[in-house]
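Down below are the structures I want you to see.
What follows is chain A paired twice: with chain B in the first complex and chain C in the second.
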Partner chain A sequence: MDLTVEPNLESLINSSTHRWIFVGGKGGVGKTTSSCSIAIQMATAQPNKQFLLISTDPAHNLSDAFGEKFGKDARRVTGMTNLSCMEIDPSAALKDMNDMAVANNTQGSGEFSDLLQGGALSELTGSIPGIDEALSFMEVMKHIKNQENGDGDKYDTVIFDTAPTGHTLRFLQLPTTLSKLLEKFGEITSRLGPMLNSFAGANNVDLVGKMSELKSNVEKIREQFTNPDMTTFVCVCISEFLSLYETERLVQELISYDMDVNSIIVNQLLFAEYDEGESCKRCQSRWKMQKKYLDQIDELYEDFHIVKMPLCAGEIRGLNNLRKFSQFLRTPYDPVADSKVIYELEQQD
Partner chain B sequence: MNSWLSLILAFLVLEKVWPLIESMIQRLTQASSSKMKELMHQKRAIQEQQKQISAQDEYVKWTKNNRTLEKINKQIEDEKKQLVAKVDRTKASLKKVKLALITVPFTILKIYKRQLPIYELPKGIFPNYLQGLFQHGWLYLALGPLNIKKVSDGAHVTVSLAIWLFAVTKVVSTLEGIWQSLTAPSIAAPAVTTDPIEELNEHVIDPVDQPVD
Partner chain C sequence: MTTELSDAEKRKLLRERRQQKFSNGGASNRLNKITGQQQSSFLTSKSVLDEAKPASPVSKKQTNLNNKEVEASTKEIQDLLSRIPDNNSNSEPDVGETNPEVALFQQLLKMQQQGGGFPNSGSPGTSTPDLFSSLLNNDTSTTASASQLFPNFVDEEVLRYYKSTVSKLKSYIILLKWAILVPYVYFLVHPNLTILNSSSLVSHLLERSNFFSVFTAMEVVFISIYYQMLKKLQKKNNVTATQNAGGILKYLTMIPEGILPIKNVQGKIGLALEYFDVASMYVTDICLALVLFGVMKYFHSSSSISVPTEAPVLQAN
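Right after this comes the complex of A and B.
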């Protein structure tokens, strides 16, 4: 029995069970390129399914990667029939919430109404640490609800282009944190009961009911995120000490959250020894350093899919370039046979 | 010596010595955790190893050591929690034992034998009211003025167990206080960098000449 793990993401790309795929790692290692590549390959391999690529990084790059504008509403990628993209915009989402609050408070008057009209709610809540992660989480909950109720657009798989490591870990902790919070809230409501609804004002809002619904949704998400058949995390790194150390930290944290992680994409590899002609001393020296860490990655993560991606001659922007680059997620990059590809990237404006 | 008095003295000594017995038993409980020692030893060994290898040159070994350290730290935390729980259980048990073997019997004995005469004092040394207090105990404070309790006839007045115990415990706690203050670690005097008189003079402002009208 061959126990070696394939150095590609073929099994993930062809997976019919995965609903949530997170792509994350240190800043600047190629998360956006990798998440776009994974999304493109999955959409190409499974044309009958719908895929959604969401950016949860406040410094969005999806629009730049595809060379077209995406917003807070999912929009299909030009040239793809089953891949849509979305960039969650915290300020726009908070403005929507503020407008809803204004609409609900039409009968009110005085300073509170003036504050709402002035957008005070969105300004106040927009600066709360962790608000980006909370809004991304709300988006996840909305999708789960849509799936169950059959409302809105249905997506078979959602791929997350995440923020750098710390923010993502905070996002992934949200189900557990919220779950504990809501449990405490449940204890309070069992004692105070309907009295709590009076705090919600004269709008007859069933606070207890809404909190119970939120709790059940959060539990569903927690179950799905810890199910290895439904959720996986793809780590992206480069072959340097700091990036590897952060990847190791990320892997250990994810394991502690019971989250499946079995793939690592190592980006920006030089493969300088295979260059035609004489490569520069700097590239040779850098490649030597990268190789040293590559060998160690193979040893350290022997049961992971380690995918080695080349550093291209140009920027990987636009659908065509991303398609060319993403093929190496399925078939491992051969520095001799595939070297021409990295020079064939089209110039993007 | 009266057997009751011996018993009461024994209880008194036991009550004073009990904290020592308690701390000895707790120390024995903590010392019996050999697993904790082993884990700490393992942790120190790996930390020493980490200091000697280069993270960049031997990244695999360094990372594997880090993983082992994480596991050991977690085990140490769990072991600590178990130890704290064990110590708390021991404390709770000892508290119950003290209550059952010392506090309750001693209290019953003190109440039951409160008027047991310990020794006699010649009458006339202390005011009558105090003599009544010595003989009948604290109740005399309330009942004496109502003539319900009276000082006995005779040339001597007895000192009851209640009052004698009160005096003994007061003396013992005073001696304990003196011992603690003598053996407490000394607090170093604050360092004085400037001459206090010079510092005082720095703030003296020369009077401004008043304008002459």
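Right after this comes the complex of A and C.
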């Protein structure tokens, strides 16, 4: 019985069950490049399915990675028929919410409408810590709703290019936190339900009904996030002490949330001993250090898919470059046979 | 007997295997392993998985609901695992057993769980995510304590207890040694050795030319006993030579790793200081033995003078 784990993401790329894939890690390790690569490979391997790549990082990089502008609405990647991208923009989303509130309150009291006209809601809520995560979560809920109602664009798999670890963990904690909050709220509303409804009744809003709907949606997300066949987290790191430490903590946090994590992408490896000609002394000593941590990664994560990605000579920007680079997620990089690829990247202007 | 597993079964098995590695303190051990790479690291090795989770009503309900399912799944997985030859069980011994640093971490971890927190931390069981969240929340009280979180790697209480035990041990060894040495030197410099009516072995030992050999042999025996007991104490209290050392090592910790051409300078100097301590004991004993010789000589000479003066008095009586 063979229980060895392949050093590639083949099983994830060909997976037909995964609906949510999170890609995360420490800042500057190549999360965006990795998430784009996974999205491209999945979209190529499963042409009949629709994929959406969402950036939840407040400092968005998706547009720069693909070399085209994406916004708060999903937009198809030029050159791909089944891959779309979007960047969640808290300020734009909050402005929309503010406008909606203004529209709903035109018949209400004049003072409140005047206050909202100035964009007070977006200004107030925009500074709340964790608003990015909350909006990303709302996006997830929207997609689930679309899926159920058959509205708007339907996506089979959503890939998240997440913010550095701290933000991401807060985002992933949201379903549990909300679930607990709504549980408490449910206890209160069960006692005060008729009274609350009579308050909200003036605007024909079934407050208790809305809350229970929200609760069931949150529970649904929680169930999906903790189902290893539907959700997985791909950790991205570089072969250095702090990155390895943060990856381990991330893995442990994810396990504590009952989330599946079985893949680790180790980026920016030098493979200096295979360099043609005379290799620089700095590269050699850095590769020596990388090897030390790689050995530890191999030892610590023997039951994980460890994908070792090379450091390329140029920037990995644009669909073509991303395609070239992403092939190593399926076929492990061979420093001898594939060394040409790392010098072949097209220069982006 | 070989059994082919489906992909889903294989994934499930691997997942269980991963979870097993992170359970029962394994998560903290893994962090220890990583932080152990950098001696000067101040990163915490306490895992979120080893912290006691507060039971929420939601999780309680779910636990009750899923209990049967989990039990069934665990049984199934154990059944499957028993069918697999374990390739790693022999190759990977328990980290805590082989690595003294990990053992120290484990003890500190236990202390943290029992007493709550590192010395001076002020916030028991503070983990990195907690610190992150408090930093993000601009919680100044927590951030202030976070800066003092790991001022010293060893528990001060443990170190104090260790030092007092070592000085007690040293005192007992010196006392025992001199309890033998004093009578030995007494008889060695005695002007009239016939009073002992000694055997050949004793008379051989009491030959002055053999003093140095006997003294050195005694020193070797006592210093070995002392050294062995010291090592036992260090192991028992999880204190290393470097942690117990004084000023030189404190200054050495200020030099970043890699600047000096020698690896693990602190460890080497700590060991050298330990040997120096033992050697200084030997030198001190020689000096004291010389003083003792002088004192005994004086004692015997004064007593030999006083004896003849007393004898005639007795005869006269």
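Going forward, the second predicted complex is superposed on the first by the 342 of 349 C-alpha atoms of A that agree within 3 Å, B and C clash if a C-alpha of one lies under 4 Å from a C-alpha of the other, contacts with A are read in each partner's own complex, and residues count from 1 in each chain.
Here is the rule we go by: a residue touches a chain if its C-beta (ideal position, glycine included) is under 8 Å from a C-beta of that chain, and two chains touch if they have at least 3 such contacts.
Every value quoted in this text rests on a predicted model; they were computed, and no experiment measured them.
*Asks:* Label the relationship between chain B and chain C on chain A in the superposed model as either fit or clash.
*Replies:* Aligned through their shared chain, the two binders clash on chain A.
*Asks:* Is A:11 touching the first partner chain B, the second partner chain C, both, or neither of them?
*Replies:* Touch status of A:11: second partner only.
*Asks:* Examine A:216 and indicate which partner it touches, taking first as chain B and second as chain C; both and neither are also allowed.
*Replies:* Neither partner.
*Asks:* Given the touch rule stated above, what does A:253 touch, chain B (first), chain C (second), both, or neither?
*Replies:* A:253: touches chain C, not chain B.
*Asks:* Thinking of the overlay built on chain A, is A:331 touched by chain B (first), by chain C (second), by both, or by neither?
*Replies:* After superposing on A, A:331 lies clear of both chain B and chain C.
*Asks:* In the overlay, answer first, second, both or neither for which of chain B and chain C A:183 touches.
*Replies:* second
*Asks:* In the superposed model, does chain B or chain C contact more residues of chain A?
*Replies:* C
*Asks:* Applying the touch criterion given at the start, work out whether A:285 contacts chain B, chain C, both or neither, answering first, second, both or neither.
*Replies:* Neither partner.
*Asks:* After superposing on chain A, which of these stretches of chain B ends up overlapping chain C: 1-9, 55-63 or 145-153?
*Replies:* The segment of chain B occupying space taken by chain C is 55-63.
*Asks:* Can you list the residues of chain A that meet both chain B and chain C?
*Replies:* Comparing the two interfaces on chain A, one with chain B and one with chain C, the shared residues are 241, 244-245, 248, 252, 293, 296, 300.
*Asks:* How about chain A: which of its residues touch chain B in the complex?
*Replies:* Residues 241, 244-245, 248, 252, 293, 296, 299-300.
*Asks:* Within their complex, state which residues of chain C touch chain A.
*Replies:* 2-5, 7-8, 10-11, 13-15, 17-19, 21-22, 27, 30-31, 33-35, 37-38, 41, 43, 47-49, 53, 56-58, 83-84, 88, 128-129, 132-133, 136-137
*Asks:* Name, in rising order, each residue of chain A that touches chain C in their complex.
*Replies:* Residues of chain A touching chain C: 1, 3, 5, 11, 129, 166, 169-170, 176, 179-180, 183, 228-229, 241, 244-245, 248-249, 251-253, 255-256, 260, 262, 292-293, 296, 300, 302-304.
*Asks:* Which stretch or stretches of chain B touch chain A in the complex?
*Replies:* 55-56, 59-60, 63-64, 66-67, 70
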